[in-house]
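For reference, the structure discussed in these notes is given below.
Residue numbering begins at 1 within each chain, and the chains themselves are lettered A, B, C and D in the order written.
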């Protein structure tokens, strides 16, 4: 299951903590930035969803941390959307620095009406855009990713 | 110009940075927490304002840092509202640790309609509640505050 | 497996996002605040660990979100430490608002030398303090907690 | 006094608040990111300073907010270093979106020994690198900047 999308993040000083490394909560923010960039590239953007009155709150999230990121590190954050079913979808993430896998994670999202917070099905155009995105040929060969962690 | 209100903040690990101290942006969050607690105690709360469709965005903010706060420090954040005029008001803040002044700051706020972001006058009840709060007798004598910094 | 410890958190405005609810990354910061408060009460504090040159980085974290927390909500964050083995331990968390379970999570921590980041065993005094904390009589009956989510 | 440096920031969802705009504390983080990027381009980097055991804590900061930034906005953050004297220097910042000035700010920094937090003079190489940076020809004509705010 290869990644077709990645974006770059540089570790901000504000994201570090007194242990001298990036705080573990920063990864959730990077995952989100990558998810937003993914949707911007492939599906008219997260804002397009929000403009249609749809929010996609995080229902579950999990992260495994292998090696700390440090201030000013240039990170590559891989993201993919998969397992779309009804009013839910999953994303997966890998954070790398120079080919070393620092962390990986996954998130489960609901699609809800922004006002009522009631579940709503993924719009067909978004489902199609994601299917397109995940099947294109410019895939990132995961064998290029480090093998330190196994994605669940 | 004495303070009549203060609240406690404990420095979170997530608020520290790789220099081993609280990140300078955390003080804005603490100022805001103190401002919210002040309004909760004296004026039915910030939420009461928001429920009436009024936001009070920060128009200007300034901070002077004297000595770093560190992880797990128990801080006292003094706050007062003053200089209410039309659709604007000012707040002042002092952050102390065991009587030592670590930082001080001030913010200028607009009162705006939450939807249009147009200026709106401070409601009479809020103006009255603040006047009341700032004139009560349980004032904190500022002479108890350290003299390291001069409030502007 | 009951909780013996909880602490209060009030949702800060800075912790909300444009969906009008607390951002999902804020829960990790609250978990950490509860973990730190737990260790402060039961084990001489997180700082005691750090003073001995030990960091306890997060190795894995997972959160399940049931219902959004909102600005100014008064939350109760339950925390416990368990499953101490060698250089690792686990924590579990529940976030409640007025008895409603909003989220739950767990974290796995390594104990490492702060300079070398090499694994180090949990000091006997800390292991003992935690054992003591988790066996005391003032336990919080988990039957008082909502049943919306099952802890893993 | 023209700017010779700018960098791009995209407003993250985690940086927004329940008023639907970027939280005012986020601007300090963007200023810092721009300052770090400036030093990376012109002076071997902030990390070069830190590697020499020098921190440059913020002593004063002020921001004026003209118009809110929103989720996913592409911002340009201008930064310059000036007024270097002894163990202190000042930075100035402008945040723009499509040529509209959203905010401006300035910060005063001390240079201190990272361990003792004692003042230390700016290294000659850094002073020289900044002088160079601020006098180069690829200046950004400030007349291209909006006129909404006057830099102090």
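We adopt the following convention: a contact is a pair of C-beta atoms (placed from the backbone, for glycine too) under 8 Å apart; a residue touches a chain by one contact, two chains touch by 3 or more.
In this text, all values refer to a predicted model and were calculated from it rather than measured experimentally.
Select, from B-C and B-D, the pair of chains that is joined by more C-beta pairs in contact.
B-D
What chain is the most remote from subunit A, judged by the mean position of CA atoms in each chain?
B
CA centre of subunit A versus CA centre of subunit B: separation in Å?
The answer is 36 Å.
Calculate how many whole Å lie between the centre of subunit B and the centre of subunit C, each centre taken as the average of the chain's C-alpha atoms.
One centre to the other, that is 29 Å.
Could you put a whole-Å number on the gap between the CA centroids of subunit B and subunit D?
Between these chains, centre-to-centre, one finds 25 Å.
Give the residues of subunit D touching no fewer than two other chains, as numbers and ranges.
Answer for subunit D, listing residues that touch two or more other chains: 13-14, 18, 21, 25, 28-29, 32, 50, 71.
Please output the residues of subunit A touching subunit C within their complex, sorted ascending.
18-19, 21, 24-25, 28-29, 32, 50, 55, 57-65, 68, 114, 117
In their complex, what parts of subunit C are in touch with subunit D?
The contact residues of subunit C facing subunit D are 13-14, 16-18, 20-21, 23, 25, 70-71.
Which residues of subunit A touch subunit D in the complex?
For subunit A paired with subunit D, touching residues are 10, 12-14, 28-29, 32-33, 36, 40, 45-47, 50, 71-72.
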